[in-house]
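This is the structure I have questions about; it appears just below.
Chain naming follows the written order as A, B and C, and within any one chain the residues start at number 1.
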Amino acid sequence: MAAAGTIAIAAHYRYRKAKNLVMMGLTIFATVITLAPLFLVLGYLLYKGASSLNLAFFTRLPAPVGEVGGGMANAIVGTFELVLMAGLMGVPIGVGAGIYLAEHRGTRLADGIRFAADVMMGVPSIVVGIFAYAIVVRPMGGFSAFAGSVALATIMIPLVTRTTEEMVLLVPHELREASLALGVPRWRTTISVVARTAMGGIATGVILATARIAGETAPLLFTAFGNHFWSTSLKGPVAALPVQVYTYAISPFADWQRQAWAGALVLTGIVLALELGVRAVTGGQARTPR
Amino acid sequence: MPDKILVHHLTAWFGAVRAVHDINMNIPQGNITAIIGPSGCGKSTFVRCLNRMHEVIVGARAEGEVVLDNENIYAPEVDPVQVRRRIGMVFQKPTPFPTMSIEDNVAAGLKLNGVNFSRAEKDEVVERCLKQAALWEEVKDRLRAAGGSLSGGQQQRLCVARALAVEPEVLLMDEPCSALDPISTARIEELLIELKANYTIVIVTHNMQQAARTADMTAFLYAGELIEFGETRQIFTNPNRRETEDYITGRFG
Amino acid sequence: MDQPQPLHTNLRYEEELRGLRASLLKMGGLVERQIAEAIDALVNRDTEMARQVIVNDKEVNRMDVDTDETCIRLLALHQPAGSDLRFITTGLKITTDLERIGDNAVNIAERVLELNEEPQIKPYIDIPRMASIAQSMVKDSIDAFMRQDVALANEVCTRDDEVDGLNRQVYRELLSYMAEDPRLIGRATRILFISKYLERIADHAENIAEMVTFMVKGKMIKHMDKKDRGHE
């Protein structure tokens, strides 16, 4: 009697093991398919663009139309310029709004701001570009780096706001209480204790938002517009890597197309570096403050 | 013993729910007063009213008088922030500030209140408070280490040192040993008995034996009301009220 | 007690407390019987019964040890407070008194064995009366403990005076016997001892009654003058 029982159990066990293997196989398959585009893209970029990477690429200006040679130095510098200015505008506003949202949950104003931020995150970036065109480029009378930064900042702010809010909310309520109980006023508690504790997570959010806007192309088309030369002031058009890649890629010139691949590779490299850098600094852990 | 805090008709609400009802109590100076009672009886709420922490919660309010040395802390012109500098609090969960070192944690109360001090003054305060909290010997060689690197019991003593640095007159403790093991608990209890020479201490505890071990006076709260308040010895051997007797003998349903 | 008290939340603890109460009741009953049988053995000159009393003392001692262990275990494991604490500590002291009462009964039985070797010198009148009062004191003090009856306990304390009075009477009477006829001295002193043992039994019963007042009222009246007790 006992023998029959164990045989029946063994058969069921083998069936379960088989089922396990099938499911595992399916999930591994799904993972591979998910990762495939990443590696395909990176691989193809490397294949097409690596050969064009040389010192000239990083230091020389674009050559006149039709000529071979030249580089994308101004575009690389331009991208840094635009992102930096966008950050200077967007980070204080975004972090401030995020802290407000976290500390004043439940008020109508906070709910309204949160809703607006969520909607903004869904607005297509080209629409943001048109918006920046209307409020900056038209009044100023021309394309400019400033307009480009405004467009990028508009994309950055809702991202930073939401991640800041999440990070500040993760700070345990007991820390706030402990600070208040020491006789520290509310505003000081928020800044020196709560925000300071969440700072790691906030910084992470900022860097990720930066990585995102570094690759934005559409909003820059109507604002920064692009430039074949070094731009000297904020009021004039400036070259940016994504725009340059776009312009070169749709051109009929083979040399420009080759350079477009290189530009795309450099752009992807910057974004990857930022993302991996964040991972390395936070040690791969969840960004919860302890 | 003169009375340090006089509580008159204290009532506290969370929104429309009344958590504490018409409590009258005289808390003697230099004593340990324990507040005991079943879960949800309002003991934490009551104690938080003593340093005006209760109103920090959205929708919470308190009415009545709490008189600290002839001054009603609920008078309209009184600044709650000032009250909390005279009446400190240590919470159930040890919460050292994670971004600060041990010595910065101790000095945090002073620093965040805008008090300027030199390096030497800071060292002096840190050493004094850590010694008072019976933590000095264990951390004196690693004052720069992160506040979170200590064990649970040490973290709680760090929180006590931090509260003491502000030089309060009264120390409120809301179940300070709930999250600690028995040895750490015993250390903190020993600490309280040392501290009562210089401070008035009010401790909330759901552990009756802790109240019996440490407190001079004990108050029994039930359903938001003060049922009985008297010397610990009497409350635990021969209480006056039937409800108190039932609670301490474990007959609560 | 007007309303019944709610049960302890910890039912095992509740059961143990009831068990303790039952053991104390049983020990009281056993000890009462020992007194009765020892005096019966004296009056009826029953050697066998006297021997039985001596043997039964083992049971009394065993119950003493068991109850002590139970009380100590309850104190260690349950940290009792309030009325439970007073009940358990009273129980601890009562077993001691009961055990001593048992020892005194044994002592009486031993004297009976010795007395039975010679003829009786006089009819026993006062001794049985002392025994009866002492026995009732033991019974009533245990009753007062079980029912938490302070009035009964106080009343028990007053009866001790009667026993003391009878003891002095026995002493005077036997002293005169011994003075008249020196051959009676051996037996007379043994009877004096028995009277002494009964007086001790009454004292222990009074102790038990005093402990009852402490347990119920939370006030210690031991060593207080009798006239002050009524006010407590």
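What to note about this one:
We adopt the following convention: a residue touches a chain if its C-beta (ideal position, glycine included) is under 8 Å from a C-beta of that chain, and two chains touch if they have at least 3 such contacts.
The structure presented is a predicted model; accordingly, all values stated were derived computationally and were not measured.
With centres computed from Cα atoms alone, the innermost chain of the structure is B. Each chain's centre was taken as the mean of its CA atoms, and the one lying most distant from subunit A is C.
Taking the mean of the C-alpha atoms as each chain's centre, subunit A and subunit C sit 91 Å apart.
Per-chain Cα centroids separate subunit A from subunit B by 47 Å.
Centroid to centroid, with C-alpha atoms defining each point, subunit B and subunit C lie 52 Å apart. Contacts from subunit B toward subunit C in the complex involve residues 208-209, 212, 236-239, 244-246, 248-253.
The touching residues of subunit C, when paired with subunit B in their complex, are 5-10, 13, 78-86, 218. Residues 106, 172, 174-175, 177-185, 188-189, 192-193, 196-197, 199, 289-290 of subunit A are the ones touching subunit B in the complex.
Of all residues in subunit B, those touching subunit A in their complex are 51, 53, 56, 58, 81-85, 88-89, 91, 93, 95, 97-99, 108-109, 112-113, 148, 159, 162-163, 166.
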